[in-house]
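Each of the next two complexes has subunit A plus one other chain: subunit B in the first, subunit C in the second.
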Partner chain A sequence: MIEDIAIESRGTIKLSAPDCTSCMLCVRECPVWCIEIDSHTEQVTPEGARRPRSVAVLDAFTIDWGLCMYCGICVEVCPFDALAWAPSPRGGVGEAEQLVAGIEDLSG
Partner chain B sequence: MIELPTPAYQSVSGGARQYRLASHPEIRVVATDLGLACCAVEFAAALTRGLLLPVADADPVPTLHLLVVSGTLTHALRPSIEAAWERLPEPRAAMAFGACTASGGPYWDSYSVAQGIDETIPVQVYVPGCPPRPEALIAAILSIAEGAADVIRS
Partner chain C sequence: MTIAANSVEITQQIEWISAEQWRDSLASAHRQGWVCLDVLTAIDRPEQREFHVVLHANRVDSALGQWWGVVVPQHDAELASLVDVFKAAAWHERETREMFGITFTGNVVSHDPTAQGLLLSDEAPVTPLRKHVPLGARVDTPWPGNADPDPRRSASRRRQAPPGTRPEWFETGDGQ
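Right, the complex of A and B next:
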């Protein structure tokens, strides 16, 4: 565990999965294409609604930290604040594949 | 082939480019700085903040030589880091410090850039960041030391 640092000093980026609408803005704006999103749509009919709504459901969200250049464009572009800076930098890993972080890892 | 600074080269140049942890003098891991591009600045930041100290002649014999490769590796430089790795004394390990050394980083789609140093030399630890912070360098050196505690701690 690395000591926490000032929040604007390239710590790490956290995901709040419930806030993510799978809008893909971060994926498309990322200069190094290090974010991947997989999602599907479901039909939801709230009680009393006249017709069902299509809702995007997030299935997978990964950031490849081996590619990320910590520019923060994804944080800036997210309309729902699902991505945010966090102060604890990521440590080293033994295998390159372990640099790819999924929803659970990014939410921690 | 361009010759990169390694221990064999240093004995000629006299430049000290080998370092140990200031906070853990009992850990006899000696880190050798092999900076290819901008991530090397963070290695220098660890030095100027006193997190790393130059290795002195009186220090105990290192139990691990760690090659810290930072920066973008081009295909043209691959033979050079391979030679630097070959010249590093045993026991040895290599650290990929920063996105370029892990995967090619922002240049992963470039014709001239290697997609990580592990295509060329074996890597013990990958440190993410563009660049990683000096704290991450120290933490990674510690993690290597703890991974082989019985041989590395004096």
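Right, the complex of A and C next:
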């Protein structure tokens, strides 16, 4: 889980990928459609279990900072606290495509 | 963690005026010192079949501002112009006519159906701020929320509509 910080510190939004279950709540609640998730399910049989379970595996998670309006609804709706505000704002970029941040960028 | 926006209080109330009193009430407010027209615009309320026309004016002798509002029925979208009260209303009323289709009686340009548009190009949709007019970016872009990791939860079984859209935008065309 990402460390809790003051709500005033709306610099950027961080992703804790291991906590994300690909439930799609943030994607579907985002008013500006700036979040995209790509994932698939895998069959996992926990030790001692009789039958395999379906587990969602996160393949890609992107936030397009060119669309995001920093409303924080995604942070609010995430049931697993995989998204959280972080204090340091993002730096500028030279190309519009660089505003699309993936898992590695959002986890840093 | 609570969201900060929940604790923001709306400190400015709207003073609602009847359509018949709209011009006279604002003329009276102007005489009382509310001389600086800040904004005049409208809100489409299709379910109520009405518009809210709202106006914000400031004083120059203090830092105070005030909202006024009027309900205009959509079947008779006409309101008295304020151009003889606030000169700046001419521009705002033309814009509101163009974006919502409300006619301002007494605003020479707004009242003239042949008058040229103020902001929109000829290719732009008519009255684009009416809510039934589709937002191009929302209709043309695939909604990222359609993706689902679990194939058993198909999009057709889900009832949630994409945020920021209205069902009537998708009723024609390819049956999305």
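Here are a few things to note about the model shown:
Note that the second predicted complex is superposed on the first by the 100 of 108 C-alpha atoms of A that agree within 3 Å, B and C clash if a C-alpha of one lies under 4 Å from a C-alpha of the other, contacts with A are read in each partner's own complex, and residues count from 1 in each chain.
The rule we apply is simple: a contact is a pair of C-beta atoms (placed from the backbone, for glycine too) under 8 Å apart; a residue touches a chain by one contact, two chains touch by 3 or more.
Keep in mind that this is a model prediction, so the values were computed, not measured.
Using the contact criterion defined above for the overlaid structures, shared-chain residue A:89 touches subunit B, although it does not reach subunit C. Touch criterion met: A:9 reaches subunit B, while subunit C stays clear of it. Touch criterion met: A:68 reaches subunit B, while subunit C stays clear of it. Shared-chain residue A:107: touches no atom of subunit B or subunit C. Judged by the touch definition given at the top, the superposed model places A:39 against subunit C, while subunit B stays out of reach. Looking at the shared chain after the overlay, A:22 reaches subunit C, while subunit B stays out of its contact range. In the superposed model, A:31 lies in contact with both subunit B and subunit C. Annotation: subunit A residues 31-32, 71 touch subunit B in one complex and subunit C in the other.
Subunit A makes touch with subunit B in their complex at residues 1-3, 5, 9-10, 31-32, 64-71, 89-96, 98-99.
Residue ranges on subunit C touching subunit A, taken from their complex, read 1-5, 138, 141, 143-145, 147-151, 160, 162-164.
Contact residues on subunit B toward subunit A in their complex (touch as defined above): 95-96, 99, 102-106, 108, 116, 118, 123-130, 132-133, 135-136, 139-140, 143. Contacts from subunit A toward subunit C in the complex involve residues 4, 7-8, 22, 24, 27-33, 35-41, 54, 56-57, 71-72, 75-76.
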